[in-house]
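Naming follows writing order (A, B, C, D, E, F, G, H, I, J, K, L, M and N), and every chain is counted from residue 1.
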Amino acid sequence: MDNMSMIAVASILCAGVTTSFGCLGPALAEGRAVATALTALAQQPDASATITRTLFVGLAMIESTAIYCFVVSMILIFANPFWNYVISQTPGK
Amino acid sequence: MDNMSMIAVASILCAGVTTSFGCLGPALAEGRAVATALTALAQQPDASATITRTLFVGLAMIESTAIYCFVVSMILIFANPFWNYVISQTPGK
Amino acid sequence: MDNMSMIAVASILCAGVTTSFGCLGPALAEGRAVATALTALAQQPDASATITRTLFVGLAMIESTAIYCFVVSMILIFANPFWNYVISQTPGK
Amino acid sequence: MDNMSMIAVASILCAGVTTSFGCLGPALAEGRAVATALTALAQQPDASATITRTLFVGLAMIESTAIYCFVVSMILIFANPFWNYVISQTPGK
Amino acid sequence: MDNMSMIAVASILCAGVTTSFGCLGPALAEGRAVATALTALAQQPDASATITRTLFVGLAMIESTAIYCFVVSMILIFANPFWNYVISQTPGK
Amino acid sequence: MDNMSMIAVASILCAGVTTSFGCLGPALAEGRAVATALTALAQQPDASATITRTLFVGLAMIESTAIYCFVVSMILIFANPFWNYVISQTPGK
Amino acid sequence: MDNMSMIAVASILCAGVTTSFGCLGPALAEGRAVATALTALAQQPDASATITRTLFVGLAMIESTAIYCFVVSMILIFANPFWNYVISQTPGK
Amino acid sequence: MDNMSMIAVASILCAGVTTSFGCLGPALAEGRAVATALTALAQQPDASATITRTLFVGLAMIESTAIYCFVVSMILIFANPFWNYVISQTPGK
Amino acid sequence: MDNMSMIAVASILCAGVTTSFGCLGPALAEGRAVATALTALAQQPDASATITRTLFVGLAMIESTAIYCFVVSMILIFANPFWNYVISQTPGK
Amino acid sequence: MDNMSMIAVASILCAGVTTSFGCLGPALAEGRAVATALTALAQQPDASATITRTLFVGLAMIESTAIYCFVVSMILIFANPFWNYVISQTPGK
Amino acid sequence: MDNMSMIAVASILCAGVTTSFGCLGPALAEGRAVATALTALAQQPDASATITRTLFVGLAMIESTAIYCFVVSMILIFANPFWNYVISQTPGK
Amino acid sequence: MDNMSMIAVASILCAGVTTSFGCLGPALAEGRAVATALTALAQQPDASATITRTLFVGLAMIESTAIYCFVVSMILIFANPFWNYVISQTPGK
Amino acid sequence: MDNMSMIAVASILCAGVTTSFGCLGPALAEGRAVATALTALAQQPDASATITRTLFVGLAMIESTAIYCFVVSMILIFANPFWNYVISQTPGK
Amino acid sequence: MDNMSMIAVASILCAGVTTSFGCLGPALAEGRAVATALTALAQQPDASATITRTLFVGLAMIESTAIYCFVVSMILIFANPFWNYVISQTPGK
């Protein structure tokens, strides 16, 4: 296996693992936040405006960590500086 | 094993692992959100409109992380830039 | 082991792992949702219509992540682009 | 070890792991659902019709993920396209 | 180690692991179901008919996943298509 | 290491692991069932007949999964078809 | 390492692991059962006859799974059919 | 594999793992903080100003640890001193 | 490494692991049983005779599983049939 | 792989793992501290000054452990004494 | 590495692991027992004689499993039959 | 890889792991201590002096274990006796 | 690597692991015991004499298991019979 | 890698792991003890003298296990008998 394919394999594996593993935490955290929001709504229907607003700010904050992972994953697949360097060095393979 | 098959094997393994592992978190989170929604409905049937709406927004948010994983998995199988590059370099094998 | 069998082995292993692991989360999540639905029904029998409807929407949502995994698994067994490419390159072996 | 036995070994291992691991989640989930159904019945014997009906729908839903795994396992043992291809290529060994 | 023994070893290992691992989930789930049934009986002795009936349906459902694993295990030991094919190819060894 | 000893080693390891691992679940499940039975008896001594009967049915059901594992283990030690085949092929070693 | 010592090593390792791992579950389960029995006795001293009887039946049932493991372990050390076969084949070494 | 690709592979793997693993903790922690904020709001709607302010300070603090990981990951991809040194040493490869 | 030392090493490792791992379960179980006995005594000092008696029977039962492991460990060190056989085959080395 | 790249690879891997793993604990701990602060505020709005002050001292203390990890990570990337020594020994590579 | 050092290494590793791992369970169990004893004393100071006596019997019982591990560890270091045999076979090395 | 780089690699890896892993425990422990302090303050605002003092003593005590790890890590990077010895032995490399 | 250094490495590794791992259990157990003692003191300040005495006996008992590990660790570093034997066999190296 | 560096590497790795892992337990235990002390103070401010005294004795006891690990770690870095022996055997390298 030469350099080029080594880097390709590492990028592929890493992109998948980053996305899947990086979504575990945000998904669970969002599930927890939504679940508590529902409990809170059932307990105090009058405060639904404040609760909904706080929930959405929180979900956006949590989703941001999932976005970080997705961004790193996309960079590794479509804008990988190491791959670009190696390609530029290979003369028609 | 030459470069081409190495990349193919990595893509196959990664596609499967990304989807299956990436669905673990969202599934559990959705289960939790739905479960609390049901508890909330039983506690406060009058607030069912607010609860259902919040639940659906939350489920959509959580499902989005599962979608990220599915998208990465599909990219790795059907639109893999590394595989395309290697194929384009191989003259009829 | 040549390229062809390597890809076959990876596809087989990955199909099985994707399905079995990908069903773990949805199964547990559905179990949780159903369990809470039953508790909710016992607590508030009058709201059974809303509870049942919310439960079914939630189960469909959770089942969808299991379906993603099953679809990826079927693609890897019966419509694997890497396998098809390798087969098309092998002249009667 | 040649290609043929490699694929056979992978199929055997994968069939077993898929079934055994894939049954873990559904079994635990069904146990949870049945357990809550029993608690609910003890709490609210009058709602036994609704509870039993919801329980059976839920169990069917959960069982479906176990069925996916069993189906993949049976496909790998008795209708494996990779094995069939390799067999068709081997002239009486 | 030739092909034949490789397949035999894989079948032996897989049969054992499938049965033992596949029994973990059902056993725990049945323990949970039985435990809740007993609690329910102590709480509501009058509903013992409904509770017992629901318990038995649930146990049968859970046991079915253990049966799947046992069946796959028996197929791998006594009706293994890969082993049969290899045996049929070996001329008295 | 030749074929024969390979199969023997796999059978030995598998027999032990199957029994020991396969007893983990049933033991814990029975412990749970017995524990709840005792709690139920202390709570509702009058229902001891129903409780004891349900406990014994449940224990038998759980024990059955331990029996499956023990049976597979005994088959692998004393009635192993792969070992028998290999022995029949070896002319006095 | 020749066949004989391979089988001996596998038997030794397996005997130890089977006993030690197989005792984990029963020990924890018995601890749970005894603990609940003590709580039940403190709660309902009058039912001590029924509680003690049920406890002993349960302990016997749980101990049986530990016995299975111990039996398999003893078979592997003192009545191992694979070892006996290999010894019978070795002419004084 | 020469030095250059070794460093590239290590950087790729490390960037992905750092981001995905480093987001697990912050995501869960933010989920917890948001969840408690919602419970607190439902309990004491009058203190919503103090609660919201404390929540945002806390989220910023927690997000900072996710930012550390993202920064390290970006440094490893786009400003890696080891990679730069190796590139500067390689004369046109 | 020849046969003899291989068996010696396996016996040493296994003796240690069996004892240490096999003591984990019983120790935790006894701790639980003793802890509950103390709670029970504090709750119902009058039933101390029954509680103490049941505790001792339970501790003996749990200790028995630790004894199994210790016995297997001692057999492996001081009465190992495989070691004895190998020693008897080695003519003064 | 020569010495220089070995040290580079170790530094890269270690920097990433140190930051990501070292942020897990502080993130979870801060999440817990913030969550309890919010609960405390909802319970005792009058003590918000003391609570906020104690919270900030605590967060600073916890953040300090995350800072230790980030510092070690930065030292390994930008001020690594081992790398500097090796570079100083290499005459223009 | 010859036989002698192999056995020495195995004995050293095993002695350490046996003691450290074997102390985990008893330490936790004793901590639990002592903790409950203290709770019980605070609840029922009059029963301190019975509680203290039961606690000491329990601690002795639990300590015994730690002693087993320590004994096996000491046997492996200072009275190892396998080491003694190998030493007696080595003529001054 | 010669001795020098081996020691360098081990020091780098160990410094990172020691700091990151060693901060896990203290961070979680401080989070717990701070959380309880906040609960205590909300419950008993009058005792805030005693609570704050005890909290700071406790945090200092816990932080000390994190300091131990940081110190060991710094010793391994900047005052490593093994590295110094090897450097002193290498004549200008 | 010759025998001597092999034994040295095993002793070093084992001494560290034994102490660090062997301190995990006692530390947690003592933490639990101290925590309950404090709760008990707050609940029943009058029984502080009995509580303190029982706590100290319990701590001594738990500390003893940590001492076992420390002793084994010291024996392995400073009074290792295997190392002494090997040293005595090596004539000035 | 010769003997000397092997021992150096083992000492470095072991020193780091011993300190970091050995601090996990004490840190968590101290966190628990401090947390309970704070709860106790909030519950019973009058007993603060006894609580503080018992807390400090307990913290000292728990810290002692962390000290053991730190001592072993320092011995391995600065007073390692195996390293000293090897250095004394190497004539200026």
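Note that contacts are C-beta pairs under 8 Å (C-beta built on N, C-alpha and C of every residue); 3 or more make two chains touch, one makes a residue touch a chain.
In this text the structure is predicted, and so the values were computed from the model without any measurement.
Listed here as common contacts of chain F and chain N: no chain.
Spacing of chain C relative to chain J, judged by their CA centroids, is 38 angstrom. Distance from the chain F centre to the chain G centre is 11 Å, each centre being the mean of its Cα atoms.
One inter-chain figure worth recording: chain A and chain L are separated by 30 Å, centre to centre, where each centre is the mean of the chain's CA atoms. Counting partner chains per residue, chain B has residues 1, 11, 13, 15, 17, 19, 21, 24-26, 28, 30-33, 35-37, 39, 41, 43, 55, 59, 66, 73 touching two or more of them.
Judged by the touch criterion defined above, the protein chains form a single closed ring in which each chain touches exactly two others.
The cyclic arrangement of chains, read from chain D in the direction of chain E, is D, E, F, G, I, K, M, N, L, J, H, A, B, C. Against chain J, the residues of chain H that register as touching in their complex are 1-3, 6-7, 10-11, 13-15, 17-19, 21-22, 24-26, 28-33, 35-37, 39-41, 43-44, 46-47, 50-51, 54-55, 57-59, 61-62, 64-66, 68-69, 72-73, 75-76, 80-82, 85-86, 89. On the chain K side of its complex with chain M, the touching residues are 1-2, 4-5, 8-9, 11-13, 15-17, 19-21, 23-39, 41-43, 45, 48, 52, 55, 59, 63, 66, 70, 73, 77-78, 83, 87, 92-93.
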